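The next part holds the structures, each set out as structure tokens.
Consider the two complexes below, in which chain A is the common component and chain B and chain C are the respective partners.
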Partner chain A sequence: MNLLAEILIATLLVLGGLFTLVGSWGLAKLPSLMTRLHGPTKATTLGVGACLIASMIYFPVFGGTYSTHELLITLFLFLTAPVSANMIAKAHIHRQGRGIDSNPSDGIIDGLPRPPNNSDWATFVGAGPVRSEEEG
Partner chain B sequence: MTGSILTLALGFAMVCVSLSILLNLFRLWRGPTSADRILAVDTLTINAIALVVLFGIAYATASYFEAALLLAMVGFVGTVAYCKFLLRGDIVE
Partner chain C sequence: MIRRILPHPALSAMLVVVWMLLVNELTFGALFLALVFGILTPLITSRFWPDRPKVRFGPAMIGYFSIVLFDVIVANFQVAWLILSRRNRDLRAQWLVIPLELRSPEAITALAGTISLTPGTVSCDISACGRALLVHAIDAADPEAEIARIKSRYEARLLKVFA
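Showing the complex of A and B:
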């Protein structure tokens, strides 16, 4: 039982470390922000989740105490990672739309190209007219 | 610390997470746009959580988890605040 738990914890720790490293390697290596978002949001979150689950198995088996803090952290990370990635992507797309941050590796230098059918991107349109009526 | 497998795995995971933090610092230093730097800080927080949890296993104390939970929450709020600042130029409207 002890050996089994030890092997399980060791596997989870190695997997977690590898996934964390792969995510950060992607963050350092990929060419543009929209591709760089993939590494941290998926691989790193999974790696940290594996480390936390390893710790969640370790403490009841070897430490004798049981706590649900790790589960809380895991749930919180898995809930907030997509939200923060969405916020970063939105901030980036708005700055590119205004032509502030050019990104040659995306092929976008002065603002985003318009989508087809003579419309605008949803994040720029939003609830535009209603909002301006409220504010104005 | 119990068996040698666990010690080895723990050392390996710590080396991996430390290398990840170095790579994140590289992106934080290099990052051409502001959003890149925000993403690097966000990932840095997540890696710090992983490192804190690994230290908790290494020292076999459960008192590191409050720090990890606080880091998770403050990191998320900080990321959202930075993004709002980029979007609006103002954090609390």
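Showing the complex of A and C:
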């Protein structure tokens, strides 16, 4: 039983470490901000997930205690990762579109697709409220 | 009557569960405090969600979460393989515009979060009219097929969850 748990924990830790490593390698290797954003946001999901599952197996089997904090870490990560990715992407689009960033990338300046109905992306519209005609 | 004490039962239940997980032990004191927070917080914050959508907690939601979990795992391997094996100039990075049928802000937020969590796509912005999402895909050979996949796989299911 203990041996089985050890094998399982070791496998999960190695898997988690590998995914985190690949995510970081992607961050270093990929060519532009938008493509780089894909690397680390993914490492959080499976890399951290595997480490947390390993921790959830380790403590009941070897420590004699149980811990539910891993579930919460997963929950908080899944809530925060998309928000931070979204903020970084928006700042990037804004800086590129307004020409603040002197280093063009991701084809934003000359090729960002337009939304339908003559609308524009919310980043460019300004501080006004986001409207939706059918709502309310 | 029950509606006045518990205007938002799902939020109350979630607060109780998260509080108990944080405390990490099942004692009467902790449960009591969790219930106090679970009942008081929705009452105090009710002005922040004036017309919240109805959420169906049922098979539709369970199905949605399991399909997202499955996709996250599969796509993690795909993106890891992409990073390791593909040369940068062979990456077919694309901007996708996803027309939305979802209307409530909560549902659109859920969809955007799902798109960001599943590797290979990051949702970046919403159109000012709230009718389209701007998504960046790291490697999309066929943008139309990718848009159709996101719409049929996630949005169609979310439409059933947020009825």
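Basically, the second predicted complex is superposed on the first by the 101 of 136 C-alpha atoms of A that agree within 3 Å, B and C clash if a C-alpha of one lies under 4 Å from a C-alpha of the other, contacts with A are read in each partner's own complex, and residues count from 1 in each chain.
What we mean here is this: a contact is a pair of C-beta atoms (placed from the backbone, for glycine too) under 8 Å apart; a residue touches a chain by one contact, two chains touch by 3 or more.
These figures come from a predicted structure and were not determined experimentally.
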First (chain B), second (chain C), both or neither touched by A:K90: both
Touch check for A:L71: first (chain B), second (chain C), both, or neither? second
Can A:I57 be said to touch chain B (first), chain C (second), both, or neither? neither
One more residue to check, A:P116. First (chain B), second (chain C), both or neither? second
Looking at A:P82, would you say it contacts chain B, chain C, both, or neither? Reply first, second, both or neither. second
For A:I7, select first, second, both or neither according to whether it touches chain B, chain C, the two together, or no partner. first
Touching both chain C and chain B, counted on chain A across the two superposed complexes: 18, 23, 25, 37, 39, 45, 67, 69, 72, 81, 83, 89-90
Give every residue of chain C touching chain A within the complex, in rising order. 18, 20-22, 24, 51, 72-73, 75-76, 79-80, 83-84, 88, 91, 93, 95-97, 99, 103-104, 112-113, 115-117, 119-120, 122-132, 134, 136, 138
Chain A residues touching chain B in their complex are 2-3, 6-7, 9-11, 13-14, 16-18, 20-21, 23-25, 27-28, 33, 36-37, 39-40, 44-45, 47-48, 51-52, 54-55, 58-59, 62-63, 65, 67, 69-70, 72-73, 76-77, 80-81, 83-84, 87-92, 94-95, 101, 103
Applying the document's contact rule, which stretches of chain A touch chain C when the two form their complex? 18-19, 22-23, 25-26, 29-32, 34-35, 37-39, 41-42, 45-46, 67-69, 71-72, 75, 78-79, 81-83, 85-86, 89-90, 93, 106-107, 111-117, 119-125, 128, 130-136
Counting only contacts in the complex, chain B reaches chain A at residues 2-3, 5-6, 8-10, 12-17, 19-21, 23-24, 26-27, 32-36, 38-40, 42-43, 46-47, 49-50, 53-54, 56-57, 60, 62, 65-66, 68-69, 72-73, 76, 79-80, 83-84, 86-87
